[in-house]
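The structure appears right after this line, and notes come after that.
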Amino acid sequence: MMNNLYLADITRGIFKENPIFRLVLGMCPTLAITVLVKNGLGMGLAVIAVLTCSNVVISSLRRFIPEQVRIPCYIVIIATFVTIIEMVLQAFVPALYDALGVFVPLIVVNCIILGRAEAFAGKQPVLRSLFDGIGSGLGFTLGLLLLSLVREVFGSGTLLAETNFAVQLFGANFEPMRIFAQPAGAFIVLGLLLALTNIVFKRLQID
Amino acid sequence: MAMAIFKGGVHPEYRKELTASLAISVAPLPEKVVIPLQQHIGAPCEPLVEVGDAVKTGQKIGESEGFVSAPVHASISGRVTAIGPYNHPLGRKVAAVTIESDGQDEWDGQIGPLENYVECSPEELRDAIREAGIVGMGGATFPAHVKMSPPEGKAIDTVIINGAECEPYLTADHRLMLEEPEKVVIGLEVMMRVLGAGKGIIGIEDNKPDAIRVIGQLIEDKPALSVVPLKTKYPQGAEKMLIQVITKRQVPSGGLPLDVGVVNHNTGTAAAVADAVLTGRPLIERVVTVTGEGIRRPANLKVRLGTLVSELTELCGGLSDDTRKLIVGGPMMGLAQPTTDLPVIKGTSGILALTGEEVELIESDTCIRCARCVAACPINLVPTFIAQAAEHGRFARAEKLHAADCIECGCCAYVCPARIPLTQWMRVAKAEVLARRKG
Amino acid sequence: MFAVLALGGIGAFFGLLLGLAARFFAVDTDPRIEAVREALPGANCGACAYAGCNKYAEAVVAGDALVNGCIPGGDMTASAIAAIMGQKAGTVEPKVAYVFCRGDHRHARDLFIYHGILDCDYAQQYHGGFKACPDGCLGLGNCVRACPFEALSMGPEGLPQVDEDRCSGCGLCVEACPREIIRLLPKGDHGHLVWCNSQQRGKTVSRACEVGCTGCRACVRACPQEAISMDGYLAVIDLEKCDDCGLCVEKCRFGSIHPRREAAAGSAARPEEAASA
Amino acid sequence: MEKLISILFIYILVDNFVLQRFFGICPFLGVSRKMETAMGMGMAVVFVITLSTLVTWLVHYYILVPLRLEFLQLVTFILVIAGLVQLVETFLRKASPTLYQGLGIYLPLITTNCAVLAVALLAVRQDFTLLESVVFGIAASLGFWMALVIMSGIRERLDLAKVPAALQGTAITLITAGILSLAFMGFRGMLTF
Amino acid sequence: MNDNLVISSSPHIRTFQTVRGVMVDVLIALGPVVAVSILLFGYRALLTMTVAMLAAMLAEALWLHQWNIFGDGSAAVTGLLLAMTLPPDVAWWIPAIGSVTAIIIGKQVYGGIGNNIFNPALVGRAVLVVSWGTHLVGPIWPVPKPFHFFADISAVTTATPLAGEAEALGTTLSQLFIGNTGGCLGETSAMALLLGGLWLLYKGHIDWRIPGAFIGTVWLMGTLFGGAFYNNSVTTGLFHLLAGGVLLGAIFMATDMVTSPVTPWGKLIFGVGCGLITMLIRLFGSYPEGVTFAILTMNALTPLLDKFTIPRKFGEVKQVA
């Protein structure tokens, strides 16, 4: 019974309330850094880390934070974790850090994190908040991966470029459709994916 | 020669050749007439007769207390057989008096000419016009005496007679001007006298050169009167367009021609006014063009009001089997009718039967924003946006787009390549906007 | 250490400022707005199309916005707001809409062909509508467009069909119909009904429609329960008295009476493409 | 001076914050449904970004740098912005109800608008002077405003269009933004600084 | 009684104009351009146009599930217009992808004809330019070989005249006017384009305002800021008119009814805006040609222009506040 509840917390974030495709939150990094799968994965992991940590901390402090100033408190907590992540990235994967650029600190204002804090962590017990954080983070990462996969395959003709597993997909003469790597492509691909998920969800009768 | 034109408008196929050269023929006395008690804009009349009463031609059979109203008269002599709702060109049933003819056409003895009308006071003339039940005979059926009673402080300097007859097919006014031009001129002079106007102008579209010539000859020695040839374009005969073209004055939005010192009457109305003062006869007959591809023998007929349309179509050889649309009025602004069982009224200028080819039942497409309706609208509206707003129930937006100013001329729907019923939407929007203003 | 102090300093400074501001610039508001605001995630993301959570809360309390407008908040938030607003599905008896006309293309006669805006209201302005029966369904779908739940659809023969499972009994279709053909009845499949709306004399009805009630009173005489009475020229069956004996169906020469069950079965068997159209 | 004009031009047309840099997408998608809202939101953003860039620049160079607390940049900036926004809002609500109706109601939306934080961070990262930072802020927010108003115009028209069900709402807005971004790519390479 | 009578709102007569007829007229207007391009570039031109049109019509027919692939003709117009913006020696798959993109992204996602915000053909072209710019925008064009249908046109190439002053001097104005020069299929012959434009004007499918304002602005800007290519600033203005896609854009693209304003003033501003942005991009931008982007940008502004240029209604009384 309890397990089911936790499981539900995780799957809700992945499917029913997927931050990207259902809630349409956190669009800025989603669009900006999904040129390569590597960047999408990196951003996704960073968000999972921040979201999980902040959810746990906020949930455990929820009885001590005064109602009136809770938003500033949440922001401070989130900002702290983001700063930590920023330092970690800078230290261990500087290339990724450079690729993500200003969008790492901007995780602070990613609506998902504050949204989950307010909607869930501020009211629910620690363990459930943990799973909720993981679930929402996973959902976000999933969305990023999907988008970056499409954009990388068509826009660069590669898979997992700039990693040890890089694959050139279509041979040397392939001329990639570079619009996918451009901002315009990001908007259009996300729009189409959104429509696609709308259709899929409607078929599966998930409201 | 001023060939003034206005912005917008369309050039439909005129098809006037069907009847333009046919002289007005007087229709035989009908067996039965049905006289609706409301043949005008304004308060309906109360019947003055009862079932079984004997009536004489020209006898007043309905009257209303209201100022914006006009009495109705028996158009034949005979016996009243029914008083009750009857089909009406407006598309709903209206109380009407049915009279069976006694075949005598005996005139009411009290009717007589206005003695020496040239010296009558404007009030006397106006009363005579009101008593004769004269209304705008171009189709709008606005009581004539109301138009001739300008409020205090509004001086009228010009009376315009609308001889444009811009609707395709119709030739009733054209024939009237050719055959009874002196009546039109006298009517105009009477109206000028009533209003104290110094100028009288007859506007005629240049596709009727014979009418321009005939009237021109007639007024040669009358400096106050003039004929203005108008460029042939629909809706040249719309009140606002006509006034702008002839006097260069724009009737203000929401205002009346009175506001710019102009009164505008139809040719038929002028002739009826002349009749009323010269002979004292009330408005009991009018010229009707019965035409269209569905009519076997098109004609211009002088008919008694209340004659049933079915009788007229029979006179003209009957409707052909492929008639798909029956219209009272012209093809641009007339009203489609589901039956011929309805009477000719004061505003009936034409009976039109269109056949299959002209009445295509094409479904409308999406608007492709070609802006033809914008170019065609004579009063500078954006019909496609108004229709769109109305379709989505956004009447506040429609009001902002001036839907209430639409004159329903039909130009927008005429030009629309997507076949959107734009004029119908405009009407919907206009009605809703006006209703909201009141509420 | 220094960092913590500095951060604390800034925090304290702004806290103080905000506290003071809140006190000096306090504005009275509806407590429900505050409550709804509390229930919202506070992300101020704008996904609800309102300018921030506060604005959305105000709109909800003012009745302009739906309670489930907050996308980030999801179901939990929606139910919380619904509780504040007292919008629980109450103890009201559930109702379903029924179309009281069976005069479709096959059975009812048209007077003329209408060509124009496909809207019952506007079509009716032209000679009272193209149907020979002045009370019959015009089939141009105002009710279908009015239904927010996609419970109504236009059937193949030009009559609207109700999907009883989707119908919430809100009555918007009843208001949308210019001819008052649609009525709400308590949910259930019990009883027989006269599926006609015509207030016309028998002769007029039989000229206009093959399945209209002519007011011949055959059913009234036949009913052992005395459940059928006349409303003008229209027979009306009292559902509470009706025991589904079906005698009236046999007696009705025009086939205006059918058991309610049939309507339900008809809607269940509705082809799926109608729903997606 | 030339640099200032370049900054202004570049961040409005060439490097539009919404269409090319992806900052402030959430309010861009959320608030672009009606033109009136878009206008109000745009004005509010211009106001807040200009103010916050000014304040954060001062905080950075006069508090954080002297105290060697650069690593607290993010926390401080977000606090300053949040506080500032709330302060302005409460002030406006009491001081000028008309201005509040036009501007203030959009303020809470702005805290989580990443464009605000992005301008503050980028101004410091690109070593802009105070004046340049303010111009940068104005340019970025004007670009945001422009994109928002254009989009609101398009969406008002799309409201009446027969967009397929699955694409309605955010999906079609994103695709439109994509084509808009494509159109704005034409301005590329016009100016540099 | 006859119950077959039709009742509808007035007017009861209508023009015989249809959407399909409008599209066919646009295709006819493109006739001279098509002829000239085949004359100049031979089978390659024909191939490109055929592929583009077929791909567009197929994409539309598939999306709409209809058998008649011509449909209302709008897809054919889109495909042909797209082909007009492509160089003659382009690989066959480029017009194919461009057409499909144009129809799907540019038009059908918005709900099909009448609903799209952006000119579909230009959306297709913009996507192609951004994706495979080197194939499309030069820097070198094949030199035309008039009257050689099977000629291999990619053998001899020359730089686009728009690339700079030196390149511009290689082409005379009369060359540009007649079209005996390198360039995209539909851009080369100003004469053929003007002929098509006159046909459209005559049929009333386009309004003089958009092409007029567009062309006027380009000429003015070219004259004022274009420098003196032929030792004369007026001819520079003419050069900017005749070279590149200005005429094609002004006559066939910007006038696309669906994506341009419906109000008279809106049309004027639209045309001026197109001209301004085109010249901005030509003179200062990194792309040599800016017509595509200019028209797309103005397409985006169309709803705003429509909203703020509602014409003054007849007899409007000045509000006395």
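Letters A, B, C, D and E mark the chains as written, and numbering starts fresh at 1 in each.
Convention: contacts are C-beta pairs under 8 Å (C-beta built on N, C-alpha and C of every residue); 3 or more make two chains touch, one makes a residue touch a chain.
Note that the structure is a prediction, hence the values are computed from the model and not measured.
Relative to the C-alpha centre of chain D, the farthest chain centre belongs to B.
Ranked by the number of C-beta pairs in contact, the top chain pair here is B-E. With each centre defined as the average position of its C-alpha atoms, the distance from chain B to chain C rounds to 45 Å.
Between chain D and chain E the centroid-to-centroid distance comes to 34 Å (mean Cα coordinates, whole Å).
Distance between chain centres (mean CA atoms), chain B to chain E: 48 Å. Chain E has residues 3-9, 105, 109, 111-112, 114-115, 127, 130, 306 in contact with two or more other chains. Counting partners per residue, chain B has 336-338, 361, 366, 421, 424 as the residues that reach two or more other chains. Shared interface positions of chain D, i.e. residues touching 2 or more other chains, are given as 26, 29, 71-72, 75, 79, 83, 111-112, 162, 164, 167, 172, 175-176, 179, 182, 185.
Considering their complex, residues 109-117, 126-127, 130 of chain C touch chain E. Residue ranges on chain A touching chain D, taken from their complex, read 24-29, 31-32, 71-72, 75-76, 79-80, 82-83, 86-87, 102, 105-106, 108-111, 114, 179, 182-188, 190-192, 194-196, 198-199, 202.
The residues of chain E lying in touch with chain A in their complex are 97, 105, 109, 127, 130-133. The residues of chain D lying in touch with chain B in their complex are 159-160, 162. Residue ranges of chain E in contact with chain C, taken from their complex: 3-9.
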